[in-house]
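So that we are looking at the same thing, I have put the structure below in structure tokens.
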Amino acid sequence: MQHNAIRELYSKALFQQVGESVAKVVLRYLPYEMMDGGMVDVTGKPRAFREAIAEGRIRLRKETLRLIREGRVRKGDVFTTARVAGVMACKRTSEIIPLCHPIPITYVNVYFEVEELDVVARAHVKTRAETGVEMEALTAVMASLLTIWDMVKEYEKDSRGQYPETTIHSVKVLRKIREGEQH
Amino acid sequence: MQHNAIRELYSKALFQQVGESVAKVVLRYLPYEMMDGGMVDVTGKPRAFREAIAEGRIRLRKETLRLIREGRVRKGDVFTTARVAGVMACKRTSEIIPLCHPIPITYVNVYFEVEELDVVARAHVKTRAETGVEMEALTAVMASLLTIWDMVKEYEKDSRGQYPETTIHSVKVLRKIREGEQH
Amino acid sequence: MQHNAIRELYSKALFQQVGESVAKVVLRYLPYEMMDGGMVDVTGKPRAFREAIAEGRIRLRKETLRLIREGRVRKGDVFTTARVAGVMACKRTSEIIPLCHPIPITYVNVYFEVEELDVVARAHVKTRAETGVEMEALTAVMASLLTIWDMVKEYEKDSRGQYPETTIHSVKVLRKIREGEQH
Amino acid sequence: MQHNAIRELYSKALFQQVGESVAKVVLRYLPYEMMDGGMVDVTGKPRAFREAIAEGRIRLRKETLRLIREGRVRKGDVFTTARVAGVMACKRTSEIIPLCHPIPITYVNVYFEVEELDVVARAHVKTRAETGVEMEALTAVMASLLTIWDMVKEYEKDSRGQYPETTIHSVKVLRKIREGEQH
Amino acid sequence: MQHNAIRELYSKALFQQVGESVAKVVLRYLPYEMMDGGMVDVTGKPRAFREAIAEGRIRLRKETLRLIREGRVRKGDVFTTARVAGVMACKRTSEIIPLCHPIPITYVNVYFEVEELDVVARAHVKTRAETGVEMEALTAVMASLLTIWDMVKEYEKDSRGQYPETTIHSVKVLRKIREGEQH
Amino acid sequence: MQHNAIRELYSKALFQQVGESVAKVVLRYLPYEMMDGGMVDVTGKPRAFREAIAEGRIRLRKETLRLIREGRVRKGDVFTTARVAGVMACKRTSEIIPLCHPIPITYVNVYFEVEELDVVARAHVKTRAETGVEMEALTAVMASLLTIWDMVKEYEKDSRGQYPETTIHSVKVLRKIREGEQH
């Protein structure tokens, strides 16, 4: 059966345009693999330990990287502020990404390295839940990198107030782990 | 005078370890350009029309791009969902980036294009405020791209559940505009 | 010119597929009345005093209405709790309704009356802004009515845990006012 | 024993105006059925699969319904936007309704139908938790209907900027299900 | 006229139980000084530069204070983390305190000092708005002090997991300033 | 091994500057007691019933206390409003305190007493989670006390608009309980 047909069937069941007994089966037992649209139904999935590591980079001017390395950025401690932003955004991932499930994060941290051209951010997230945390790790990385940008704005702007060089790039999931299931 | 000395003076004024009259001058009139740390003080800045356009890309598999182009992604309408996510995150930028000021956004939208290797997102943000909206435009782009990732997860995972190719990249501010001041 | 054509032009201008000078005009000066999609652009609109009164009703069992009238609902003071919920949701309207602008609410309150069959909630909202507050007033009404429902759940459920009678209805905007503009 | 007496006893126990051993019993083991006020204590309740379907309607002008049916509403795709709004509000129900518990939603979606006079929204919510999700389903319906209103404002206003016909009504819980308990 | 009488009149006007012309006067022009209940109506008040400094203290064990002073707290940089928490909570004051107006904060920072028995936090907040920012400054102080507590929990707990000494105290507004009005 | 060495090792493992097998051990099994920085990793901890009672006081003028006692505060019902504020803030503790885990609160309430010089607030919080709820109870107390302050501002200000007497103090955790573990 094709996606559109199944979506229609689900919709009909929801609006009770099929018999009660059909509706019950469709609404409750239709596997998501056959269903269509919206948030994935993870109701029946077992809880498991899940983990993800994501990474991203922000390209900055050499002078800016030097100021960060020497701890002389005027707006304050760049990495502690960016880490807090990443941790807090991570916990609110399901408010930022519409179809993400709310997940009880049990660990999240973000670490940073200053390279020759970039600052690298790596986020490590853990949970015990029905679904994975790669979007949570990516959200932590994103919020951290945006916070770094915000903290070094004045060093990255050119004379016309533009950002010709600043770029966030290479944002990816490095590892996603799922261990033994657990009820 | 150097940053650390000014930061210390401000702190002393705040804790009233200098005379009342000195404290008053330091706390109220010390120009931010001389001050140090934390949120930029924009209290005295005039309101102006401000605008920013930011852009970012997500690299996806060709098969995924085809599904998006043909509107056949199982989780639903990718671009409308990503646009709503971008618009809603944009309005909450100051909750995600610690030192951003709350800004009364008067317009925001996000547009998308499917290219050969990437989906491109462009966010356009306007306001009438004391400070610019480039972080708001970047936040809209980020939330939109993360939402696209979330919606096509199942097509991007390899057999081990990893994302070997998916990458967010080339996130930058294209234009920042500030027009005539206005009280 | 039709909607789709204009939407396409705007999109082309945003992606710089038209000349710089055309892009500038389209992105900045195209009146919203001609534009298409997403949040309305209110950047250029003058600030004015704006006000809205919205109303809604919740149908409850007579016994429940009696308990409310006599202040004997187990979960506590129904109207104060519902009022606080309405006021707080009103301030966050732009987080609940995707295309609403963030508005600096200057007054909001919700009042209640117990009628023969219903509780009526009326919300009164004021601001000084570029756009109206009817969605804010409706959001206050909705949050208040949902809170009332939540507080009297145990008296409305039948023996199978269902709510055969409870209904929210007649939610409408009673008055929307806009007074003299103000810069 | 009556409500007020029990509320008073609980309060006394909390403020240690009764002996330590009495306080311990009252604070820990007094069944909620005897207690009074505030959030229901679900600490000891078993987790179960729970589900709810709620529905609501918005009365719109025939011309507006036609525009929705034909996908020609200027602000964009009405149902995808309303669905996203419903899904996102659903996940934040406990931030909108004061005495609701935070619930780890495992599935939520909202479907729409255009009838002769109304748009109908149906929300379907699932979880595995200590308490039901009917308020979550109602919140999804409400946010979806408010979003529809917001998207068709310009077609519903009369010449004086008022909404003489637009009405949200018939918001109710269609079904609430609780299946086998699970620890 | 007494409070209750005015509250009743306002309520009657809202529910149109008085004539249209009386209702209009009451709803629009009744000065707040005579009105009753809920959020203060600041719609007609002029915008002015406003500022507040608030302070609070947390009593900690000497050993904990030493670890803070030496930057050896295991959970990381206490003051940067507490400052970020204070700044972020400050911007969301109107989501935490029900009857607070949303205020466009133009500056906020929190500074810390380690004394013999306490850590002192001072928050400095500025805006240009219709109403003052003392609640915003107090909220920043509170969030900062709670964050400090959270970061040093392991050093403050006794062998039974209790906090016999940790105490937040002396939270007050040091100065509230309002300068020349401005439209 | 000292904190800094372990923090460095963890960071190296995260950035894969050690061998894959070492990285795996460090990232997954290094006990938190040896690790450093950021949110405590509670992934492997068993769920248990947990409970906390926290308390705080606000010193108010005798006249203000009398108005509260007599229910004559102009802004409305002080204790119901403060209770709702406390309950709602409690549920969002992990959004206010950066390194707090999101916790599924199963019960929270706040009770008040008027003493000779102070109003006392006591919050009682319960959950079934991997970590305790004392920060949640403290957050409820804080939001409740700030809300009381906000509601009686007009009675506490002196002729210069200052608050010479109002003080929040004696905020502490009275009891923290953890019972039998539960998977």
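Note that the chains take the letters A, B, C, D, E and F in the order they are written out, and that residue 1 is the start of every chain.
Here, contacts are C-beta pairs under 8 Å (C-beta built on N, C-alpha and C of every residue); 3 or more make two chains touch, one makes a residue touch a chain.
What you see is a predicted model; the values in this text were computed from it and never measured.
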Which neighbours do chain D and chain E have in common?
A, B, C, F
In contact with chain A as well as chain F, sorted by label, we have D, E
Report, in degrees rounded to the nearest 5, the angle of the rotation taking chain A onto chain D when the C-alpha atoms are fitted.
120
With chain centres taken as the means of their Cα atoms, state the distance from chain A to chain C in Å.
29
So, what's the distance in Å between the C-alpha centres of chain B and chain A?
16
Do you know which chain D residues sit against two or more other chains?
37-40, 76, 81, 83-85, 88, 98-99, 102, 104, 183
Tell me, which parts of chain A touch chain F in their complex?
49, 51, 53, 83-84, 87-88, 91-92, 104-111, 113, 120, 122, 124, 126-128, 182-183
Which stretch or stretches of chain A touch chain D in the complex?
10-11, 14-15, 27-28, 37-44, 94-95, 98-99, 101-104, 129-130, 183
Of chain E, residues touching chain A in the complex:
76-77, 80-81, 83-85, 88
Inside the complex, what are the residues of chain E that reach chain F?
3, 36-40, 56, 72, 74-76, 81, 84-85, 88-89, 96-100, 132, 134-135, 138-139, 142-143, 146-147, 149-151, 153, 161-163, 166-173, 175-176, 178
